[in-house]
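Both of the next two complexes hold chain A, though its partner changes from chain B to chain C.
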Partner chain A sequence: MALERWILRFRSLVSLALILAVWQGVAMLELGPRKYFPPIPDVAAGFWSMLLSGELLAGDSLTLGRALVGIVGSSLIGIGLALLGEMVPAFRSAFRPIAAIVQPIPPAALVPMAIFMLGLGFKLYAFVIILVTIWPPYLNGAAALAAVGDVEVKTGRMLGLSERDILFRIKLPAAWPEIFAGIRYAATISLIAVVVAEMLAGRDGLGFMLIRKAFATRIPEVYALMFVCAFNGVVLNALINLLRWRITGWHMRMTERTP
Partner chain B sequence: METMLEARELAKSYGTGAGALKILDGISFSVKKGEFVSIVGPSGCGKTTLLMALAGLLKPDAGAVSFKGKVLTGPSAGIAVVFQDYSRSLFAWKSNLENVVFGMIRNTTLSKAEKRAKGRELLAAVGLDGFADHYPWQLSGGMQQRVAIARGLASESELLLLDEPLAAVDAQTRADMQDLLLELAERFQQTCILVTHDVDEAVYMADRVVVLTRRPTRVDHDIVVDLGDRRDQITTREDPRFLEIRHDVMAAIRRFRAETPLAEKA
Partner chain C sequence: MKRLADKSFWNAVWLPVAILAVWQVLAMRAHTPLFPGPWQTLLAISKLYPQIVGQLGFTLSRAGIGFLIAAVLMVPLGILLGRLKLLGKVLEPAIDMLATLPPPAVVPIVMLFAGTGDAAKIVIIAYAAAVPLLMNTYEASRTVHPSANLVARALHLTKLEAMLHIDLPAALPMIATGVRLAVSSALLVAVTSEMLLATNGIGVFIQRQQENFQISGGLAGIAFISLAGLIINSIVFQFEKRWLFWHYRNANSKG
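== the complex of A and B ==
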C-alpha cells in the first residue's frame, strides 16, 4: 500500500529508472553489438562532454525555440481558421479539400523546395513546422466548435447575445479542451518536424548534431541526443500544460474527479 | 388583467413539398400576467416546437406571438427559457455564480460587484447558499436545474418558459422542485408556461392547462384549474377536484392516443 503510493507519486521517475535499468541490462548482456548499443555510463559521458563544450545547450535551445515558435504560430493560425470556418461555413467547406491534400505531406518532403525558396534560416523552419502542425488544432477546433450543442447556443440567444458573442463567449470556451488536445498532439509533431528539417537543412540544431555525430560514429553521443529529444517533448508538454490548466482547468478537474 | 403573451394562429411545418411534416396547425391561446399555464399533449405533438416559437427562437410559418403587446421577431428581454437539458444549458467552464451573473448580460446599469451580490441572492433564493463557487457539474441534477432557474431570474425575466424542466430529475426532487418553482413564480412575479408530459404535474402547478391535439397540432381544450393559489403535494393531489381535472386532461390526451394508428406510434 505504502509502496504503491510511493510509486504513484514518483511514477515518471520510476518509469524512467525502469527504462534505464532495462537498457543497462540489455547492454551488459551484449544482446546487441556493444559498439552500437553502449551502456548507460557511456551515453552519460557523451552527454556530459557535449554539455561541457556548450554545443548541447546551443543546439537544443535552437531546436526547442523553433518548435515553440512553430507550435504557437500554428496554434494561433489553426484556431483562427477554425473560428473563421465557424463564422463562414462556405470557408470551411472550401478549406476541407485543401486540408485533405496538404495534411498528408511529410515534413521531410517539404524541406528541399522550402530551402530553395526560403533559404536556410528561420523562415524555413517556421514554414515547415507550421504547415505540418497546423492540422490538429485546426481540425479539432473546427469539429469542437461545430459540435457545441443547440441548447448552449439557444441559451446564448435567449440572453440576447450576437452571433459573434455566441462564438467567442460560448462556442470557443466549450471547444478549448478539444483544441488543447490538438495542440498537445501538434507539439509532438513540431518537435519531429524541427529535427527532420535540421537534419536536411544541415546547419545547426539537434537534428544537425545527430547527423554529424552519427557520421562520426560517436554512438554514445547520438544516443544522448535521442534522450535530449525525448526530454524536449517533456518540456514542451509541461509548458503547454501550464496554459491548458489556466484555460481549461475546469475541464481537467471535471474529467479527473473520479473518486 | 393584462395579457403577457398571446399566440395567434401559429403554424409550422418541417420540410417542403409532399414530404412536408405539418407540426403546428393554427395554435391560438393567451396567457395573462401572473398566470401559470401548463401545456400538455400526446407524445410527439410538437410541444417543444411550440415553446421555441413562444421564446422567439423559432420563426413560425404563419401567425405570430406577441409578448406584452409587441410581436416577437426573435428572443426578447423579459423572456427566459429553462431547458430540460440543464447540464448543457449551464456553462461547465463557469462557476454557479458566474453562470447566474452571465444571465445579467443585458443589464448595463449594475456594476460587476452588484451583479455578483445579486447572483448570490438568487442562488440563496433557489436554495443553493454556499454553492456559488462550485461548478455546475459538481452538483446533482436537481441542483443544476436550480442554478438554471436562478440564471433565468437573473435576466429579469417576466415570463419563464419551462421546457420539461423536471423530466430528468428523480421523483422526490421533482416534488420539491415543483413547489420551489411555484414559490419563485410568486416571489419574483413570474408568468410561467410549463411544457410537460406529466399530467399530474401539469394540473398540480397550473392555473390553466392547455391540451393540444396530436399532429398537426391545434388547441384541443383549455381547462381552468380552480384549485386555489395554495398547492400542497399531499392534500392538493387528494382533492376530488384535482382528480376530476386530472381525469379530464388524461381522457383528452388518451383519446388521441387511441386514434393514433399503430404504425405511427413507433
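== the complex of A and C ==
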C-alpha cells in the first residue's frame, strides 16, 4: 500500500522512467537495426551536441514563439468573434457555414498556397496557425456564451446591469472554462501546424531541423528533436494551465476539489 | 413559417456570398494567375474533378484504414487501462506526453522503418487517430459510475464480461467524442503525410499544382478536401445520433 502511494506521488517520473527503460530495453535487444533505434545515451548525446552548437535553442525558440503568437492571436480572435456572435445573432448564423467549410481544411494543404501569397516569413506562419486554431476557442466560446442560464442573465437585468455589463461580467466569466478547454485543444493543433508548416516551407525551426536531420540520417538527433517536440507541448500546456488558473480559479476550485 | 425559413436561409448565406464577392473583386484587380478568384477556382474544379476525385479516393482509403487500426487497438486498451487503476495512473503522464508529440514529427522516424509507401502513411495516420481515442476511452472507463461495478459484481460477471457489457457501453458517449476528433485528425494527417512522403493522393495533387503555378487547381483540391471533411463529419454525427440515442434521450430529459 505504501509502495502504491509512493508510485502515485511520483507518477510522472515513474512514467518517464518506464518509457526510457522500455526504450533502452528494445534498443539493447536490437529488435530493430541499431542504427535506426539508438539507445538512450546516444539520443542524449545527440541532444547535448545540438544544445551546445546553439541550433537547438535557436530552432526551438522560433517554433515555440510562432506557436505561442499563433495561439494568443487565434484565442483573441476566436473569443472576439464569439462575443460578436453573442451580441449580433445574425452574425453568428452567417458565420456558421464559414466555420463548417474552413474547419476541415488541413494546415498542410494551405501551406503551398499561402507561400505564394504571403512568402516564407512570419506572415505565413501567423496565417496558417490562426486559420486552423481559431475554431476550438470560437466554437466552444459561442456554445458556452449561448448556454448561459436564463436565471443568471435575468438576475443581472434585475440588478440594473446594461447589456454590455451582462455580456462581460456574467456571460463571459461563465463561459471561460469551456473557452479554456477550446484553447487547450487549439494549443495542440497549433504545435502540429507550426511543425508541418516548417517542414513544408523548409527554412528554419524544429520542423525543418527534423526533416534535415532525417535526410542526413543523423538518427539520434531526430529522436532528440522528437523529445523536444513533446516537451514543447508540455510547456505550452503548463502556460495555458497557469493562465486558466488565474482566470477561472474559482471554477477549478469548485469542480476539482475531489482528489 | 415559410418566411422564417427564408430569413434564416439568407442569414446563413449572406456572409459567405459577400466574402466570395470581395475575393473575386480582389482577384480581378490583382489580375494574375497567382491570385485566382472563386470563378477561376470553379473553372479549375470543372476541368480537374475526375482527377481530384480519383486522388481523393487514395487519401480517404488510407485515412479509413489507419483510423480503423487505431480504433481496434486503442478502445480495448483504454478500457483495460481504466480497469487496472494503478497501471493506468502510472501510464497517464506517458499518454499525455505522447499526446503532445505532433504526428508530423513522427514522419521522419516512420520513414526509416517503413519507407514512403502506403504502410508508412497508414502507420502515421493510425498514430494520429490513436491519441484522442486512447485518451477519451481511458478517461471514460476510469470514471464509470461505481454502482455500475456493483451491478457487475451482483450479476457475477467475469472481468472480461464486465468490460464488454458495462465499461464499453458506459464509455461510448466519450468514445464518440474521441472518434470525432480522431476522424478529423486522421484526414488531416493523411493529407500531410502525402505531402511529405509523396506518392499519390490529394496532398500530392495539391503540391503538383502549386509546383506548376496552377494555384486555382490547388484551391480546387482544397475545396474537395473541405467538402469531404464536411460529409464525413456529418456521417459520423448521424451514426452518433443513431447508436447513442439513449444517451441523448437521457441528457435531454435531464435539462
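The rule is simple: the second predicted complex is superposed on the first by the 257 of 259 C-alpha atoms of A that agree within 3 Å, B and C clash if a C-alpha of one lies under 4 Å from a C-alpha of the other, contacts with A are read in each partner's own complex, and residues count from 1 in each chain.
The rule is short, and it goes like this: a residue touches a chain if its C-beta (ideal position, glycine included) is under 8 Å from a C-beta of that chain, and two chains touch if they have at least 3 such contacts.
In this text the structure is predicted, and so the values were computed from the model without any measurement.
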Quiz item: For A:Lys213, is the partner it touches chain B (first), chain C (second), both, or none of the two (neither)?
Solution: second
Practice problem: With the two complexes superposed on chain A, say which partner A:Phe95 touches: chain B (first), chain C (second), both, or neither. | Solution: second
Exercise. Figure out whether A:Asn232 sits in contact with chain B (first) or chain C (second), or with both, or with neither.
Key: second
Practice problem: In the overlay, answer first, second, both or neither for which of chain B and chain C A:Val196 touches. | Solution: second
Exercise. Check whether A:Met113 is in contact with chain B, with chain C, with both or with neither, and answer first, second, both or neither.
Key: second
Quiz item: After lining up the shared chain so the two structures overlap, which partner does A:Trp250 touch, if you call chain B first and chain C second: first, second, both or neither?
Solution: first
Quiz item: More residues of chain A are touched by which chain, chain B or chain C?
Solution: C
Practice problem: Check whether A:Ile105 is in contact with chain B, with chain C, with both or with neither, and answer first, second, both or neither. | Solution: second
Quiz prompt | Contact residues common to both interfaces of chain A (with chain B and with chain C) | solution = none
Self-check item: For the chain C and chain A complex, residues of the former touching the latter
Solution: 8, 11-16, 19, 34-35, 86, 89-94, 96-109, 111-113, 184, 187-189, 191-192, 195-196, 202-203, 206-207, 210, 215, 218-219, 221-222, 225-226, 228-230, 232-233
Quiz item: Across the complex, what residues on chain A touch chain C?
Solution: 4, 7-8, 11-12, 14-16, 18-19, 32, 36, 90-91, 93-98, 100-113, 115-117, 188, 191-192, 195-196, 199-200, 206-207, 210-211, 213-214, 219, 222-223, 225-226, 229-234, 236-237
Quiz item: Where on chain B does chain A make contact in their complex?
Solution: 52, 55, 57, 74-75, 77, 79-81, 83, 85, 88-89, 91-93, 102-103, 105-106, 135, 137-138, 155
Self-check item: chain B-facing residues of chain A, complex
Solution: 149, 151-152, 154-155, 157-161, 170, 173-174, 176, 248, 250-251, 253-254, 257
